[in-house]
Structures are given as structure tokens and as C-alpha cells.
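Data first, discussion second: the structure below is written as C-alpha cells.
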Amino acid sequence: MGTVVTLGEMLLRLSPPGNSRFLQTDCFDVTYGGSEANVAVSLAVFGKDSRYVTKLPAHEIGQAAVNTLRRYGVDTSKILRGGDRIGIYFLEKGASQRSSNVVYDRANSAITQAGREEFDWESIFSDASWFHFSGITPALGEEACAICLDACKAAKAAGITVSCDLNFRKKLWTAEQAGAVMREFMPYLDLCIANEDTLADLFGICSAPIDVVGKNLTKRGYQTVARIFSETFPGVQLALTIRTSHSASDHSFAGMLCTEGVCHFSKRYDIHIVDRVGGGDAFCAGLIYGLQTEESPQQALEFAVAASTLKHSIEGDANLSSVSEVWALVAGDGSGRVQR
Amino acid sequence: MGTVVTLGEMLLRLSPPGNSRFLQTDCFDVTYGGSEANVAVSLAVFGKDSRYVTKLPAHEIGQAAVNTLRRYGVDTSKILRGGDRIGIYFLEKGASQRSSNVVYDRANSAITQAGREEFDWESIFSDASWFHFSGITPALGEEACAICLDACKAAKAAGITVSCDLNFRKKLWTAEQAGAVMREFMPYLDLCIANEDTLADLFGICSAPIDVVGKNLTKRGYQTVARIFSETFPGVQLALTIRTSHSASDHSFAGMLCTEGVCHFSKRYDIHIVDRVGGGDAFCAGLIYGLQTEESPQQALEFAVAASTLKHSIEGDANLSSVSEVWALVAGDGSGRVQR
Amino acid sequence: MGTVVTLGEMLLRLSPPGNSRFLQTDCFDVTYGGSEANVAVSLAVFGKDSRYVTKLPAHEIGQAAVNTLRRYGVDTSKILRGGDRIGIYFLEKGASQRSSNVVYDRANSAITQAGREEFDWESIFSDASWFHFSGITPALGEEACAICLDACKAAKAAGITVSCDLNFRKKLWTAEQAGAVMREFMPYLDLCIANEDTLADLFGICSAPIDVVGKNLTKRGYQTVARIFSETFPGVQLALTIRTSHSASDHSFAGMLCTEGVCHFSKRYDIHIVDRVGGGDAFCAGLIYGLQTEESPQQALEFAVAASTLKHSIEGDANLSSVSEVWALVAGDGSGRVQR
Amino acid sequence: MGTVVTLGEMLLRLSPPGNSRFLQTDCFDVTYGGSEANVAVSLAVFGKDSRYVTKLPAHEIGQAAVNTLRRYGVDTSKILRGGDRIGIYFLEKGASQRSSNVVYDRANSAITQAGREEFDWESIFSDASWFHFSGITPALGEEACAICLDACKAAKAAGITVSCDLNFRKKLWTAEQAGAVMREFMPYLDLCIANEDTLADLFGICSAPIDVVGKNLTKRGYQTVARIFSETFPGVQLALTIRTSHSASDHSFAGMLCTEGVCHFSKRYDIHIVDRVGGGDAFCAGLIYGLQTEESPQQALEFAVAASTLKHSIEGDANLSSVSEVWALVAGDGSGRVQR
Amino acid sequence: MGTVVTLGEMLLRLSPPGNSRFLQTDCFDVTYGGSEANVAVSLAVFGKDSRYVTKLPAHEIGQAAVNTLRRYGVDTSKILRGGDRIGIYFLEKGASQRSSNVVYDRANSAITQAGREEFDWESIFSDASWFHFSGITPALGEEACAICLDACKAAKAAGITVSCDLNFRKKLWTAEQAGAVMREFMPYLDLCIANEDTLADLFGICSAPIDVVGKNLTKRGYQTVARIFSETFPGVQLALTIRTSHSASDHSFAGMLCTEGVCHFSKRYDIHIVDRVGGGDAFCAGLIYGLQTEESPQQALEFAVAASTLKHSIEGDANLSSVSEVWALVAGDGSGRVQR
Amino acid sequence: MGTVVTLGEMLLRLSPPGNSRFLQTDCFDVTYGGSEANVAVSLAVFGKDSRYVTKLPAHEIGQAAVNTLRRYGVDTSKILRGGDRIGIYFLEKGASQRSSNVVYDRANSAITQAGREEFDWESIFSDASWFHFSGITPALGEEACAICLDACKAAKAAGITVSCDLNFRKKLWTAEQAGAVMREFMPYLDLCIANEDTLADLFGICSAPIDVVGKNLTKRGYQTVARIFSETFPGVQLALTIRTSHSASDHSFAGMLCTEGVCHFSKRYDIHIVDRVGGGDAFCAGLIYGLQTEESPQQALEFAVAASTLKHSIEGDANLSSVSEVWALVAGDGSGRVQR
């Protein structure tokens, strides 16, 4: 199986350590991440060949971002270097009833200033079998959107599977803008990953309000959503993450994967959160891995959900779980017994 | 609306980091706090004008305490400087079944050695609308008690609202002493903040034992307490914090506010604790803010309880939550979803 | 009451701080521990005289291990110095669904290279009333096993009480090997400490599968196990730890002690875990303390279970709880209220 | 004596701790500084009234910058809030032969996007006696330059002393641009602070090459420079910092102040560097303090040079030395004997 | 050779990490030390039997102090427990021209409140060959002075060698007070350790001003001082530390020992300082060790000076150098080559 | 120019942070290094293709070592995985007169247990132009020595340049053993890197004692050594590092390179040391880089010496300096002025 290529923006993440607030801290924990970079890292840690495409400044902070990817085995040879800055986000982790807080400082980053002509998709995809991106990439600007579309077209032309995590960011664009743009991408997709809110916000796809339990849909509600989605975007598989946030410290997490008209539902995990960022990306990476290595959609989905669950216990943006750890969780070992 | 003035002792708090015990640590996290200082900080962070009055030594450790207040916007211009030492308390944070442990080293601190004549209440209260203190201040000694009484009298004379958090500390005085002294202060109070145990210990105000569920009173029990209180201390509003400690890591928290014969009960929050110290002070600050800005006692109370709830997720003594964060929690957003 | 002597291997433990993974960290928290060393430390912190016997290299890392014991009051005067290395284990703490991960690097440590003739048991036991070891010590190799047997014989000859925590480590030997070897030790034991899995793995002692609730036996199931044990090893008291791992973060813990045909069951605690390592050792230390100071087996057991419960809230291998903290928990104060 | 007002840009500084390089670190030490902010902080720590004027974003990172100023006593009431971002600079501290390394990410910061009309100079200068800025502020863009000129004119009109540290930054503009712009400001200045390189680069003011010892001018060389300067910009006092960098760890530092045709030279200090950033700002603050409180120019200069010397031993951008510490150094106590 | 007993006050030392100032830090490094405790620790690390006598509060902070001593092998069995508090000192480490800064908060500590009757000197000295104290102990108050005198008398009566480091602390008493009190102790001393300033301040013993080079006496000057000392206090050996402080970072250090009318001078070391506190105590410990194990006064002195030199490179109050490290330095290996 | 291949052992390095001693620390800074790995990392950071060959255990600690190499761009695809353990060394950094202290725990590491048949040199050298190893690799054991000899032969056969840093480690073997073994390797070498002591210890190559200044040879002495070396090992270029250790904190460093009968001497740098480990490896990497990219041996040598000089200012084993930083130092910019 070939390389998985992902495209997007990589950000410098600055977080007060532990439970500190922005107003208290005199240091920041430093990680480098981004939706598609996280997918690439998780796949590399799974032992898959993965390649990340972006543009990063030539200075040492840009290099530190590249080094993070290399450290975990991602191919960085196609990353463009140049531009003035790397996008930054400040993340204050929540706890109990206190929400996490994100301050973005990502405007004018190198990737948003890159030009379509800088990317040689033929070369980038030469040994690729899968292309993945998220809805954040087209949201970065018109040129980024065009770059992403170029990539989709090139991937399609090369017979490469294409997946997209809709990943709607209200701080980057409106639901209307996002819906209009993402519709253009749907024809190129083999797999669309989303959650129920995004489908409703972007495409107006939702179930009747009666199919709700707590804040989540019922199983029937999710099936209704999947049916409407497949009618709207025929030929595109749909995967949904099903998350309930009880507090900033406690979530529950499950997933649905609909293939060939059948909706598979995963186990549901109650998670005590260490670091919530990148949970969706871990799901995407798990699903890409599962679909490439598993015959059964149910098993692929279980792998993806367990991978994402483990991510929530790991500091930083990226899932550093191994394949064997994920399978162990799928097999039911969530007890945390020390092996010795 | 004018400035809120608070009076009390500010302590240097020394805590082993994380879950370390006193016997293990080779460093201490340093914060500066104290019941009334915490109230002043929380109000300043809410955007209110607040002023803190105390006496602190002129050396750099005293200055660091002053700087903590200035950092968050508290007016420190009326703080006296002099005396030999700042009071210290060592705090080992508990976890699970292990209780938090406090070692006090606060005797002979600057404020306990200050004289009544050093405080110019007319000047201190010149632009004030509210005066707040806690039962810790009179417990510091006879002179401190006299200073506190001077302040109450001056405030009353100036038509300023006076509130007191009874805050009974068994390590400073006995219930009998506390009861006798605090009774002297009651005539000056517009608002008394307490919990059920303190009312029982100090004033013998309690409900019949049949009104208990678990370790807490029933709603009817709290109403009974409020009725007896208002008969004992007519004209003084009563606010109660209602806390249940499931373990050192998990509490639930609610509140009651009785005004004009009506007892309002707040929502109840299940809290995963980051730092429990200052939870009551955050309630006081929230209530002072709420009563000054809200028409409805119920909303003022909900604000106070949500503020205190958020404090439990914040390191250090003081509540660094913003007004918008508190209202978001009151509005029901306790899910900790990241906004991005 | 005389000194409690324990014998075993002391390891250097290297742990990524907080929730970090091996792949992420650039520092390790350093502690020194080992099953029997942990028992000795806990007893010393309880105020008992305790002495730890092992062999450690003469270099500074070995000295640092000795110093850890001295710090908490353990007598180290009988520790042999020499050999090339101290055994090491790398511990990555789990969280939520992610299991803790141990990488051992303990082969060829000084104690495994020590010879029987180096230990002068008469001198070591001169003022001793109790000897404790765990199944890890015989697992270290033939010579270590012989040393341990020497110790048991010398203890028995001197009329000293002998206890053993079976402590089966799959990474050191097989269940068959462990079963065969530990059977040889049983005649010397007054007290055997284990859990239900180990009894089944090593000696085939188990209850009928119908006596299971969740993953644990029913009370009747434990009684059945105790009955078979006492038939197999007459004269040996049995203590069992009863642990349920809900996740890497949440366990519940209880215990059983069977003396003179009666099985005592303790309270059960729901624990939010800070550091799970050494929970069993804390139980052993608590039981040794309890049996030496309490008349009632039930109280001794309650002390042991509460001690172990508190250990789970303490960083590092050893229980640093005081006797008064343990009794406070037995008495029901698991609420973590701050005393002030 | 009135308030000292300074105007400029405040930056978030992110530094790898200790001697770490950008490529190694996983955390950044966080401080907030900027040439003029550093001057304001140093003056406030000296006990002077100081006020800092800038524009900072309304978000928490902007607030943290404001809080840093408040902590040390700077009046922040005239700081505008708004705009998208705070400028950032990444600082890797050098050591021995390895140079310090700065990566700027300051484009489009709030102050560079501010408009002239947002500043009410009459109100800002209401109680001011001194206005200070550096050449960095006009370098931020045309509007910033216009704002700075407005300030100078308003100050002049109000009879306020004006000082400027030329502070040429090659990464912001060229020597030609800087020279042309700064010439426009010279008529408003009472005091110009610079070093010899900047005078040469910006205004072509230099001594003959024969007056050089090592990399520094001789005393006569400096006097020549001062003479040419006073001919070029009559009525403007000149102060020069005289620094020799032996390595990233070791500098020597002195200063010259020319008033009424007389050039005063200070003592020279050999400095072992803790943090070199802000050394020039500490000199400016020291000089402003000295000139306002001392009758003798020589003493004012000695104060400024000693203040700057102490700054090099202090972490962060700002000089946190007290007046008494500076005078002690001037008096010759550079021995670092502990007072006890 | 018997046990070395030392008597004094043990303090909790709180230091901002690295080069941070009191005004900047939000944590303190924690160590426990005190002049005589440091001597005891250094001797224990040298492998000598040492015993420290003091009074410490029974709480956990007091226990942590005891544990520090035990960790390094000091006998703590004679330490009294009780009283309210442990003395504290805040230490800000200097660098370059910035002096170290000490804030004392030691009044009313347990040892200052202890009574003479609490100490059983017969038992304390049962196996002792040497008693050491410093001038700090009598400075703690009348009762402490009496306790110290009791100890001297008991030591003398038991034929134990007595040494005293004059250790004059201006923040505890005046030179007149110190001189008068210390004169009372001189008859009991076999060895007096001091520096030239203290001899002048306390006893008026000084050389003619012409015998000064830089800030230090000439060799002849020191000999003159020694001669006057021996005339004033016949029979008491004199050891002087000879320190020159070039800056807070760089000192040079040497020593003189006068026995039987002969003045021995040591090598002189240029030291780059890590932690200056306890340098004199390390000299005392080194001298006690040297005089007990070496025949030659010169070698004993060289050992003491090298030991003190090494202490300056070690964090904390106490010298953790081994005997072999000290001898290696005496032998000339100050090059710091890594042995591998 | 092709890839540079290096072969050796990679160790886990555990260091107390800052100036802490082994006896004080409760954490270790973690880095992974080894003489030849350090060379590979430095070359990769210079932008050269480099490949490191070793054997590392398959567990996470082994993976962390691999990831360190990948992070900096070293090709790790030829690293064998297996075996039980990674070698460890504990490093306590010296300061001032206190020497650094190394405790090795490297026996039985994976590379020492690897077999000759596991290495496919044809594949490893497929695109290589240079092979480098140090004398540590043959010292690891007979099989490691044979593996190293295989590599040399394969390199020679493939026309690849071979260099060796003699790197004599007294803790691994004796000078006699090292001399005998290294002589076998000399016929395969194109370049031998050493210092004067090693040449004397291993091969008896030394200058007459009269050619010594301080602890170093005179220029003439070094030339004599070079002449004897070239007579003994004709055809092998000789490079010498010339280090003087003034203290653990201060060294001076220079180098000599002799090619075609001419001895080139470099500039000499006075270094304030941050981390001395890997200084020699940085020299090797610099020399390999210089000789491959520079026509002039003098320039190659200057590059090597400047690279090594910079390494001493960098934490960890590996030189993370860029080519431009090294050239800047060669060009004379050792002043550490901040560029901004």
C-alpha cells in the first residue's frame, strides 16, 4: 500500500503548562501541529508511509516544526520553505466547568501566502495511495483553496483515494462560506468525515429534532442523517464522530461509518481527558489506517474510535499510540493494568 | 458604582507542585493570597474597581505580594508597609482520599502588629460603595479586631454596604471566641456569607437533624436555618455556600441567598477540583458583583455559584475568571467545548 | 516490638513527568523503589523500626538509592555495596484508557550477582520481630532465591514472623516456575499476601467461575479461595487485595484477611489514581503494622486497605502516609476537606 | 516631578529556557517587553510615576502584557485595546562564542495598525514631565511614525522634556530610511541616546579611524563624535553607551554624557551576562531618573551605567533593580557579598 | 575516632530558581540548612559519624528538615521536636555585579524557644570526640546562648575537642554584643575559625593598614593578626578563611591555619560560583575532618580549603563532595576533565 | 557528494539538570547520543546526507533514540532493531573546580550483542562517500570490533574515504588493548583524529618533554608528533584537537591538521562551557564537512575547530550549529552581538 499524503497548515501551539491560565503563566509548552499534520504523524507512528505537504518559513521556528514531523517518521521532503511566519495558536486547556480557550494568531502564515504554482502534485503523489485534507485548508484563503482543489484533482486523476475531514472552524469563515466551498470539493471525495453539527451547519443535513437523546442524536437520527447525506453526495462514504462533552475533563466518544448503505456504530468510550486537541485527527488517521488494512468496515471504525480515544490521554496535538495499543483497546483492555 | 474595599491579611502560600507531598518536594509553587485579597482580585478581574487594605513588610517578599495584586488590577495605594514578616501558609494539595494539608506559620505578621491609628478610613473609603471582610481578620488579634470594627463603623457612617464572610478558622480561635466576637460585627452587616456548619458552630443556628440528606441539609433545612438567622440578626441578608466533599478531587457546590424573606437556591455543580482554596472567596466576589450589577437575587446568586465553581478549576487562591466566562457557565455551557 | 526486616531488589525508576509518553519526554522523574524497599519505607514513615537488605553498587547512583531509604528513616546499615549496576525500570504512567507501560532493564543488577555468603542473617535479624519479602526476590535468579531461602530459615529459626507478598511478575518468570519455587517458601510463611489471579496462576487455587461479579469474585468466591488456600497451606494466614481497574485513572480497592478460619472483608474505596505503583506494597506495610499494633484482624485489615488507598494518591513507589492519616481515612474522612 | 510617559510597541518574547536552542526546546519562557515599555517598568521600579502608551489586542495575551506592566507599577490606563495581534519575537540566548538569535514575528501588530486619531495626547501628557521613545517606534510604519511625531509635538508644546534612544534595528528599516526619518525628530529632542555605530550609520557622524582602540573609540574619538553631533543637532544633549562584546557571555559597558559642551565618562564594568536584552533601555531609564534627581551630570551618568550593568544580570527585558541597589554599585560594591 | 556533634539552628531556605529575582519568581527552590547542620552533613558525606542537635517543630516542614539530614547520613536521634515554626530565610542569588540578597524570617523559631533543660548533654556527647558550633547559635537569644554554653562546658568536661566558627551576622546582633558574648566562649575553644573582618569587628584584632593588598591583608598582615589572636586567646588555634569577592559570580578563596605558633597558608583557588552559601561551613567541616585524619596541619588546611572551593560549585547549603574529590583537587586536578 | 555513514553505539544519557549532583536530583535530563551518532547529527544539521548504523532495542526507549536521530535529519533506515537494552551513561556536569562525573551502565547493550552477519555493508554503503567511526566501537567487544573491521574493509573496497576518531576510553579497555586493536584499523584509514595524549597512550607517539608549554605541546612539539605519526602510519592524515582545561567551566580549544607533510594550526578559542560532551565529535563532523566542501585544509580545519567551539555552548551531545553559524565564527564574530 502506498503513501498517505496530507496537505494543510502546521501551527505553533503555545500552551500554559498544566492547568494554568494565560493570565498566570510565565512559560508556554511548545508543540507543533495542525489537523492534517496530526493525521500524518499518527499514520507514521502506526508504521504507515506518510507525507505532509505545506509551506513553512525557512527560519529555525519553521525548522523546529519540520523536525517534529521527522521525529515521528513523516516524510517532509515535499514541504516548501519560505514565507514570513508560521501560524500560531495559543491554547489554554480547560478543566472541569472551565472551557478550553484558543487565541488564534495565524493570519499571513507561509502556507496562506503560497502560490498554486509552487506545488508539483505529480511528484508529490508519485507513490501515493491516499490523499487527506481537512476543511481548514480551503478556509485559509482563496489561493489555499485553489491549491487544495489542485491537489484533489491531481489525486483523482491519479486514482488515489481522497478523504476530507470537514472540520468547520467558525473563527476562519462562516457556515455559508464553508458550505459553498466544501460543496465544490465533494465530487472529489471518497470519504467524508464530519460530525452532526457540521453537516447541519454547512449543508443543512440534519435529522428531525425528535431523534435526539441528551445532546446527541439517537441511532435512528444518525441513520437519517447518513441517508440524506448519501442522497446529497452519492458515492461519498460518511464517517461521523459522536462526542458528548460532559465537562472540559470528561467526554464520551463514539463513531459511525456508513458504507454501501449500511451504518456501522462503534463502541462508546467514557474518557478522562488529558489533551482534547487532535481527537478528530486521530479518528481520521485511525480510519485511514483501518480502511487500508481491515476488510471489515466495523473493525476499521472500531480502530478509528479507539485510536481517537487513546489520543485524548496523550499530550500534544498528535496521536502517538501504536497499532498494538489501539487493538488492545478495541479488544477490551481499557483497564490500564500495568504489564510487568 | 464605586470601589469595593476589602481588608484582611495577605499570606505567602507555599505549595509542593502537582501531587507532591511536603516530605517529597524540593520546590514550592509560590502564590500570595488571603480571603479578602482573593475577593479584591476576583472583582478586579471582573472589571470592578477594587481596593485592598492590609499591612505588609517593606522588603521584597512583601513587595511581591503587592505586585500580585497590582498585576490583576487591584488598587494597592492604601496598603501600609512595615512590620517584620508576611504570614505564611504551607499547602499540600490533596487528591482522591488524601486530604489537603495546611501548616500555618502566620503569627506576628505585619498586619497583626499594625495599630488602629495607622488606618485612615475616611481616605480609604472616599470613593467606595462596598466594604467586605471575613471572620479571619478579627481572629488575628485584638488590635486587628479593633481595626476591623473601626472599618465597619466608618463604612456604616459613610453609607457603604458591608458584607462579611464568617470564614471560621479553628486553628485561629475557638467557636466560642469566634461567636462572641462576630456577634459584635453583625449590627454593621448588610450581608452575611457563611456555610451551615459555621452558623451552627458560632451562633448555634441549625435546623433539626431530620432535615439532612447525606451530609447536607434538605432545602427545607436550609430555609429553617435562614429563618432562624433572620430572626437572630434582623436586616442582615444571608448567603450560604452548600458544598459536599466526595473526595479531595471531587466536590459538588451550590448556594442559597435569602433576601426579603425569600430563599433562592442555585444550580448545583459537580466539580473536578484543580485548586480548592479560595472557592468561598470567589463566591463572595461573585455575589458582590452580582448584587451590584443584577436586579434579580436569583441571577446574582447563580453568578456567585458559577464564579466559585470556575475558581475550583484554577490554580492559586484567586478566581481569574472573566465575567463572560461566568455568565457562559450560568447559561449552561459547562461542556468545555473548545471555541475555534 | 522489634525491627521489621525486608529483603529484595531496589530499582531506579525513570518516569516521563505528568502524562508524557516515552516518545515525547526529554526528562525523567527519578525515584528509587522496589517492592520490599517500599514496605520498609512505609513502615519507617509509620514510625516503626525497619531495615532493608539488598546489594547496591558503590557508585553515586547506588548511593542515591541508599539515601532515599535513609531520608525516610529506614536502617540501611546492612545493605551490601558492590556489583556493577542498579536495576532500572522505565515507567510511563497511563491515563484514562491508555495503560501504564513498563520497560524493564534490570538484568545483571548487583543483587542478582550477590552471593549467599555475603549475608550475615544472624546479625541482620539480631533485633528483628518480622521478616518480609515478595515473590520478586526469588524470581531474580537461583542465587537470589537461595539467599531468600536462607533468610526465611534464619528468620524461622529465630522465631521471627515471616510474610510474603507473592507478587507474580510475568516478565521475570513463568507461572509454572513461580508456582514451583514459591511452594518451597510456603512452609516458612506465617502470612501470605496475594490477589486472586496470582493464587490461580501459581497454585491453581480458584473459586468456581459462577462466583464472579464483574471481573471480581463474590464474597463467597473469596471465601472459597481462602478455604482451599488454608487446606493447601495450613497454618499460613491469607490476605488478598481486591482491585478493580476501571481505567488507568480509576480503580476500586478492598481487601480480605483470613485468620483462624474467619474471612474479614474491608471497606471498598473508589480511587482516583495519582500513582498506582506500590499500592500492593503499601497494603503489605499496612498489614504488618496493623497486625503488630492492633488486636482485631478487622482493624488491621482496614488499616492496610486504607494505607494502600492513600498510596494511590502519592507520587513515587512508596507510601508516605502517616499513621494518623490512615486512621482518619479508616474513620471515614475521605472527603479531603482542608483542615485550617 | 511629573510622570514619565513612554510610547512604543510591546512584544511577547518567547525564549527557550537556559541555554537551549530553538531546535531543542519544548517550552518557551514568556516575558513581555519592548524598548519603551522596559524604560517605563524600570522607572516604576525606581519609584517614579511612569505611564506606557501603546495599543494591544483585547484578548488574554494582550491582557497578560498589560498585567506585566501593572505588576511593576506602570500606569496602563492610556493603553488602547484592539487590533488582532501582539508582535512576537523569539529569542535564543547565546553563550560563549554562540550568538544570541532573534526571530521576529511582529508584522501587523495592533500598534502598527493603530491610527493617529486614537491617541489623545493632551490627556496622556496631562501630568507628565518627560516623554521618551525609541527609534523603533517610527520604524513600525508611516502611521506609527506620524503618531510618534504627534507625541513629540504635543510634548514640546506642553513644555515636556523629550528623549529618544535611536535604537536602530536593521531588520525593520535601512540606515538611509532611519537616518532620514530620525532627522525629522531631532528638533523635538532634548536628549538623544545612541551608540557610536548608530550615529555613523544614520547621520554619518564619526571620528577619524585613528581614534580607535580595540573595537572602541578612544576618549578623544568619542569627544570628536560629540562635537560633530552638537554642531549637527545643536541644543540636543548626547548620551552614548559604550559596549564591548567579548563573547555572548562577557561584555564590558560604560557610557558618555555630553552636556553644555562637556563630555562626562563613566566607570567601566566587566559584566558576566545573564540576559543582555534591555541593557540599553535600562541605561535610558537610569539616565532619565538620574537627570531628574541628580544635580551633577556625572552622577546621573554613573547611575545610568550602573543601572544598565545590573540589568545584564537580570532575566527578562526589564531592569528590576532598585534605586538603592544602583547607588550601591555606583559606590563601588560590585563584589556581591551576601548581606546577612 | 568518635562522633562529631554540632549544635545550631536549621533554616528553611527559599530561593528563586536560577537567576530569578524575588519580584519575578513564582516558585522557590527548597533546601534546609544552617551553619552547623551544613558542617554535620559535609562530615557525614565524608564518611564521618556526625550528629546534629537542634529543636524543630513536629509538623511536616520540620520533618522535611530532619529528613534532609538523614538522607545524607547525619544522626538526628537527638533532635528535639516541638515549638511552632522553623526559621526561614529567603535567598536571591546574585550574579555579576548584582549582590545576593537575603531576607530573614527566623524570629521565634523552635530552637530560639527551647529551654536549657531540654538538652541532655551527657547522652548527646556519649560517643563524641568533637563539638562544633558557630557564633550564630549564641546570637539566637539568651536561652540559646545558655544552651550553647552548657554544651561547651559539657564537652570540655568530657575531654571533647571544641571548635567555633565566629560567623558574625550583623542582622542578628551588633559587633559589640557579639564580641562580648563570644569572648565568654573563647576559654572553651580548641579551635577558632573566622575571617579577618570578624576578628576586627568582634575583638579589635587587626593588622596595621599598611599590610593590605587589594582588599586583603598581605601574608605578613595575616601573621600579625594570628600573633595578636594567640596573645589574646592563648591556647586556641586560629583558622582564617581568606576570600576575595571579585563579583557575585567570581571569588577567590584560600585559608590560613596557625598551630603551635606556625601559620600555614593554603593554595588559592579562583572560583566560578554556583552557590556561595555554606562555603565557610564547608571549610569548617573540611578542617575538622582534616585535623582528625591528617598528621600535617598544612594538609588539613589544604583539605579544608579544597573542600570549601568545591562547595562553591554545589547547589544548596551543604558540601556534598566526597573525600576523594577533595583530595583530587588538592592534588591539582582542578581541570574538570571528564573521566570516562 | 554522497552520504556519510557512521557506525557505533548510541547511549541514553541521564543528567541531573543544571548544576545538581547525582545525590541531589530527583529528575534527569534525557538525551541520546554517542560519538558516531553525534557526528551523524552534526552533519545532517549542516545539510549533509548522513546515515547512522547501530543496533537498538525494539522497545520505546530504543525508538526514542531513533527518533532523536530522525528529528535532526539522520537516515535511520539501516539501524537494526532488537536486543535487550540500550547502553546508559549517567553524566553529572562539573562546574568550576568540580569535575564532571560519568557513571557508565552500558554492558550488554544491543549493539554489543549484535552479530557480524546482521549488517549488509553493501547496502549500507550503496550511496556513501565517507565512513566514520571512533575507537569506542571496537572497544565494545570482539564482535563489535569484527563488525567495525568488516565495515572498514567494505568501505575500502568501495573506494569510500574512512576516518576514525581514536577516542580512547579508559573505562572500556586498557591502553595496551586499545593500541593493539587500533593498529589493525590504521591501514584502512584515510584520516585519523586524536589528541596528543591518546597518540602517546596507544602508540607511544610523543614529542620530547621539552616541547611543552603549560600542559600543552609547543607548535614544534605537535609537528614532531605529526612527523612520527606519518612515519608510523604513512598515508594517513592526522588531525589533532588541542584542548586545555582551565576548569570544568573554562577550556581553550584549537586544532591541527597535517596533510601532505604540512601541519596547519587553527585559531584558538577560549570557551565558557555549557556542555562539554561531544566536543570532539563536533570537531570530527566539522572536519568531514570541511574536507568535503573546502579546497583548503586550513579552512577545513578552521571550520572544524569553530564547529567544536560552538558545540561547547550547546546542551546535549550533538552539535546543532548551522554551517552559517560556524562560518560566522571563523570569520571572527565571536562577540555574541544580537542581530536585530
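Just so it is clear, A, B, C, D, E and F label the chains in written order, and each chain counts residues from 1 on its own.
By definition in this document, a contact is a pair of C-beta atoms (placed from the backbone, for glycine too) under 8 Å apart; a residue touches a chain by one contact, two chains touch by 3 or more.
Quick caveat, the model's predicted, so the values are computed rather than measured.
J.: Would the interface of subunit B with subunit C count as same or different, where same needs over half of all numbers used to appear in both copies?
T.: Both copies, subunit B as well as subunit C, present different residues to each other, with under half of the numbers appearing on both sides.
J.: So which chain is the furthest away from subunit C, centre to centre on CA atoms?
T.: Result for the farthest chain: D.
J.: Please work out the Cα centroid separation of subunit B and subunit E, and write it as a whole number of Å.
T.: 46
J.: Any idea how many Å lie between the Cα centroids of subunit C and subunit D?
T.: 62
J.: Touching at least two other chains at once: which residues of subunit F meet that condition?
T.: Correct list: 18, 21, 23, 26, 67, 72, 101.
J.: Would you mind writing out the residues of subunit D in touch with subunit A in their complex?
T.: By the definition above, subunit D touches subunit A via 14, 17, 21-23, 25-31, 59-61, 63-64, 67, 84-85, 88, 90, 92, 101, 103, 105, 107-108.
J.: For subunit D, which residues count as touching subunit B in their complex?
T.: 67-68, 70-73
J.: Sort out for me which residues of subunit B touch subunit C in the complex.
T.: 18-21, 23-24, 89, 94-102, 104, 169-171, 245-250, 276-277
J.: Give every residue of subunit D touching subunit E within the complex, in rising order.
T.: Result: residues 18, 45, 72, 269, 271-275, 306, 309-310, 312-316, 320-321, 325, 328-329, 333-340 of subunit D touch subunit E.
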